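What follows is chain A paired twice: with chain B in the first complex and chain C in the second.
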Partner chain A sequence: MAPVRDVAIVAFAQSDHLRRTDEVSEVEMVMPVLHQVLSRTGLKTSDIDFTCSGSSDYLAGRAFSFTMALDGVGAWPPISESHVEMDGAWALYEAWVKILTGEADTALVYSYGKSSPGQVRDVLTRQLDPYYLAPLWPDSVALAALQAQALIDAGDTDEPALAGIAARSRTSASDNPHAQLRGARAQGDYQVRPLRTGDCPPVGDGAAAVILAAGDRARELCARPAWIRGMDHRIEAHSLGVRDLTDSPSTRLAAERAGAFDRPVDTAELHAPFTSQEVVLRKALKLDDTVAVNPSGGALAANPVMAAGLIRLGEAAARIHDGTSHRALAHATSGPCLQQNLVAVLEGEAQ
Partner chain B sequence: MTKEPVAVVGIGQTHHVAARHDVSIAGLVREAAMRALADAQLTWQDIDAVVIGKAPDFFEGVMMPELYLADALGAVGKPMLRVHTAGSVGGSTALVASNLVSSRVHKTVLTLAFEKQSESNAMWGLSLPVPFQQPLLAGAGGFFAPHIRAYMRRTGAPDHIGSLVAYKDRRNALKNPYAHLHEKDITLEKVQASPMLWDPVRYSETCPSSDGACAMILTDREGAARSPQPPAWVHGGAMRSEPTLFAGKDFVSPQAGKDCAADVYRQAGITDPRREIDTVEMYVPFSWYEPMWLENLGFAEEGEGWKMTEAGATELDGDLPVNASGGVLSTNPIGASGMIRFAEAALQVRGQAGDHQVEGARKALGHAYGGGAQFFSMWLVGADNPAG
Partner chain C sequence: MPELLSAPLVVEFPFTRSLGPVQSAFLTGLRERTLLGVRTTDGKVLVPPVEYDPVTADELRDLVEVAPTGTVTTWAWNPTPRRDQPLDTPFAWVLVKLDGADTALLHALDAPDADSVHTGQRVRVRWSEERTGAITDIACFEPYEGETGEVTPHEGRFTDMVTGIVAPARLDYTYSPGRAQTRYINALADQKTVGERCPSCRKVYVPPRGACPTCGVATTDQVEVGPAGTVTTYCIVNIKARNLDIEVPYVYAHIALDGAGLALHGRIGGIPYDEVRMGLRVEPVWTEGGRYPDHYRPTGEPDAAYDTYKELI
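Our next item is the complex of A and B:
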């Protein structure tokens, strides 16, 4: 179903993604990004009709961590605001729906994550089934390795092909001043077989923000708005034992609902923190070599947890804004081994 | 462009208790969801999307539990959103679900909020120390008590108002089979003799710590036409936020709460809330917040809220019954508490609140707040379709 209103991403900003940011609080990390994204449109906080953010208390190690981050927005006088305990891509989805109701014409979306205060591999085990799985502490790299091995066993990929994805991503990131890992690097040793260091995302801290606007408001705020032609997200069963790890039906369904298969895309920003996950996503999204996949370097070059998905939407929109892309696909994921997936299709106006 | 009218056609909640040792988190949420489906006479196949909310993940010790709960809530293959706006989350979650219908993105949505506080310790979850940040002190009570003192000083409210609220809410809870606290021998003297926890808040003026879940089925005009029970229609809904701490903040009557109520009343065409609204489900975790919110929500002039309480206006047989269900003071699975307020408001206008039904209720307000009294979410539901 076509959306009832034309809504576009009109601005995007992100922090430099760094291994550690001990010297700044979450508010201090978020504020400059918010100022940048607002200044790109000339809007002030008071001009924004709806604000939505995404983050996770477990990264901060304290309850209600997002309540302090709100200070960075400058929420006075009071604002219409909401928060998802998810990647910021889903905050963008909530904001998009809010604009579709007609109750808002503009929205500010932001998300952030600091992985450096803890051990993110351990922290992510806490999002598994708390009775049967979490007590075993299977970490995120081990679970991704299970998926990678399933792909290799199915003949969908092999270790050299995965190394090729790693190399391509980090080479692409050479042009991305915000990325954490830029340029060629060695694949390194096995982390969890068959995944080597190079197959895994860097651990880092970062933030991102976008502004959405409807119809003519979008045209006023941006020379070439990135129109959201469709957006959908789907979740799969949690247990890895009941899923085919070599496939991603939720991505395929979300893409179908978002209209991704109606016409070819030229660019795809995929949220694939592990090289092997790009293999799964390419298959589900029917992406061939004519599509520029992760020209930003993707999550393999910078993976601030809870912001990495929103950054995919922002990077795809930025390529529409600058005219590099005409029709782009953006993808975000959540949960172990691509359990939950969001797909958006962005287009520039015909010129 | 007009919005699609949104109707509540299914409501389900668990029997709230201190500890549900007999079910997992998944078992708990499924119980509420299945009751909501049964109420609406719908099946899992009729649900297009699931919107779930709860307060901090540290309360159960599960990070982003919606991932694990996807199967239990029939969400596999569907969109699932997880909202977290602190104590206001139950209300915000319902509003996000409502927007999915009013924007015509989906036709029928299951929304659910829960807290299984017995899996962990809420006081601990609220008090994790973080370097260089203002701590929330000794749980929520320690944070809110000084603001109650400020209210008393500002308005000259006498000391006994808080205990009147607690006595009323605990008596109302006796009429609600789902309420956590059923204090059959409650008296005003017992409330007033209970130990002082955070002066002026006594033990009996404080919410319990509960396990529980609440679910609602929201649908469009077409779905409402098929509803076997009378629907509750959403006449208005809004969220407002302001920062936790800043010099200009009025902790007694936060501007965000006033703005949120004003937005809801504007959407619902309410000009005189005291006369036009029949009953209120208000988020009152500490008894004194009833008179405070009566003023904040525009039911009483500034400084006059305690007089309404003292005069009995908020009793079940008063002219503005507040928390006919027993409220947060009698049942507090934190993440679900806001949705219970929204759902109880809907039950009232559907005429299905049983022994705690407010006679002839046609319009009801559901209210929730969270954080350091900084996040607000409210909706106004009515027996009539606002679109006619």
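Our next item is the complex of A and C:
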């Protein structure tokens, strides 16, 4: 279904993603990013019709932390605001819908995650089915490793190929001043076999923000808006034993509904925190070697949980803004082993 | 910048969850060393069972018993078990398709090393000694070279059905409050209350959190406020909180410290609870070694005029 209004990402900003940020609270971490993204458009908070954020209290162990982070936006006079307890990519989806309905012409979307205060591998077990999975505390690396082994058994990849994905991602991140791991590094020991340290994302803190605008408003705010040609998100059964872990039908369906297969894309920003997940996503999205995959370095170079998906949308948009890309795909994921997947297709106007 | 503060923070919660008819049968079955699955409308057997078909969303109630033996469909070797995981020695995470089931169950496999685990491996359930009706009633799987089990119909009825579980969880953090709150807490150690001024609207926030929520900019200058202040509004607490050694009734108030742009919270003491009033002038009372004011007491000054604090209520 073609969107009823033209909506574009007109600005993107992100923090430097760091292993620890003890010196700043969440709002102190988020606020500079908000100021940057606003200054790129010249907009003030009072000019923004709708604000939506994504985060999770479990990461830093703080209750209702998004209400504190909202202090960095400036909520007086009263603003129209919403929050998703998910990656900011889903906050962007909500904001996009809000604009499509005509309820807003501009939107500010931001998300952040501070994983450093806790143990993110343990924290993420709390999102699992509480009856059959959570009592066993299977951590995020373990679940990804089960998927990786299934891919190896199926002949879809092997350990050297996974190491190649790790090296390519972090080499790409050399040009990304915000990335946490810049430049190739040793694969290291097994964390949970078959995944080695290099196959896993860094643990770190960070924030990101984008501004959306509709139609001519977008053209006023940005020389080359990244038009959202389609966006969709789909979910699969929670139980890993029900799914074929070597495939991602939800990603494929979301991509189809977003129009990703209508014409080739030149760039793909994939939210694949583990090397093995890139294998699954490339297959589901039918990406060949002509597509620049994760030129930013992707989540293997910086994975601020709850912001890493929004960053994929922002990085894809930034490449359209600067003319490097004409048609880009952005993907975000959430849940164990790529359970939930969002795909957006972004395009720049012919120059 | 003085040294950043940090402290351990533990978040613990025992979630009490009720079970539906299918999960109740499955978990009670585990207590009785019986493994139940549920049959879908197209004849597949789901283990662990669910109440609704993940493909068609059909309601599922047709229980069957499957074997305690099965086949590994994928695995991952865990060299360093984490707290609360099923085994405290290195083990393999496995998805196991039990004999008679069409889907796989996640659990741990007790094996000597990674080289002794493979996809397609035959395994069987090792039951926990003490079983309560929880997934942890399966202690783990263990390698097993034996007969393949069969599926038989099962009513899913046992005496004394398990109808709920308590799922305890504990997460450990190291909490750091950030720059602004570190400054505030450090000042309290010297029995001073320090707010921070918004460079835009000039309001002084106390306690400061580093941002002006009105203007959305960083608060900058530190400003010492108080020590005295004015009660802007209050309530009378009649319910004794657990682990709180304060006699009820007592008064909890909003107190605008002199120089502050908004009121903070505090308890009022040194005056009968029913004599506290808006406009009452109060000052902090510090206890020996206390890191924040224990309570506020009347200064004895005349009450503040309403117009002087009405913007701060």
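Throughout what follows, the second predicted complex is superposed on the first by the 351 of 351 C-alpha atoms of A that agree within 3 Å, B and C clash if a C-alpha of one lies under 4 Å from a C-alpha of the other, contacts with A are read in each partner's own complex, and residues count from 1 in each chain.
As a convention for this text, a contact is a pair of C-beta atoms (placed from the backbone, for glycine too) under 8 Å apart; a residue touches a chain by one contact, two chains touch by 3 or more.
As the structure is a computational prediction, the values presented were derived from the model and not from experiment.
Contacts of A:Ala218 after superposition: neither chain B nor chain C is touched. Of the two partner chains placed by the overlay, only chain C lies in contact with A:Asp122; chain B stays clear of it.
Of the two partner chains, chain B is the only one touched by A:Arg234; chain C is not.
By the touch criterion stated above, A:Tyr190 is placed in contact with chain C alone, chain B being left untouched. Of the two partner chains placed by the overlay, only chain B lies in contact with A:Ser82; chain C stays clear of it. Looking at the shared chain after the overlay, A:Ala60 reaches both chain B and chain C.
Once the two complexes are overlaid on the shared chain, A:Ala316 sits clear of chain B and of chain C alike.
Applying the stated contact rule after C-alpha superposition, one finds that A:Val210 touches neither chain B nor chain C.
Of the two partner chains, neither chain B nor chain C is touched by A:Cys337. Shared contact residues of chain A with chain B and chain C: 25, 58, 60-61, 68, 70-71, 75-76, 123, 126, 130-131, 134, 237, 239.
If you check the complex, the residues on chain C that touch chain A are 1, 4, 6, 9, 11, 15, 17, 19, 23, 27, 46-48, 50, 54-55, 73-79, 82-86, 93, 95, 97, 103-108, 114, 119, 134-136, 165, 167, 169, 171-181, 209-218.
For chain B in complex with chain A, the residues that touch the partner chain are 1-3, 24-25, 55-71, 75-86, 92, 95-96, 99-100, 102-105, 119, 125-126, 128, 130, 132-133, 136, 238-246, 248, 254-256, 259-260, 263, 371-372, 374-375. The touching residues of chain A, counted against chain C in their complex, run 22-28, 31, 34-35, 45, 58, 60-61, 68, 70-76, 117-119, 121-123, 126, 130-139, 142-143, 145-150, 153, 190, 192-195, 237, 239-242, 245.
Of all residues in chain A, those touching chain B in their complex are 1, 3-5, 25, 51, 56-58, 60-64, 66-68, 70-71, 75-86, 90, 93-94, 97-98, 100-103, 123-124, 126-131, 134, 232-239, 249-250, 253, 334-336, 339-340.
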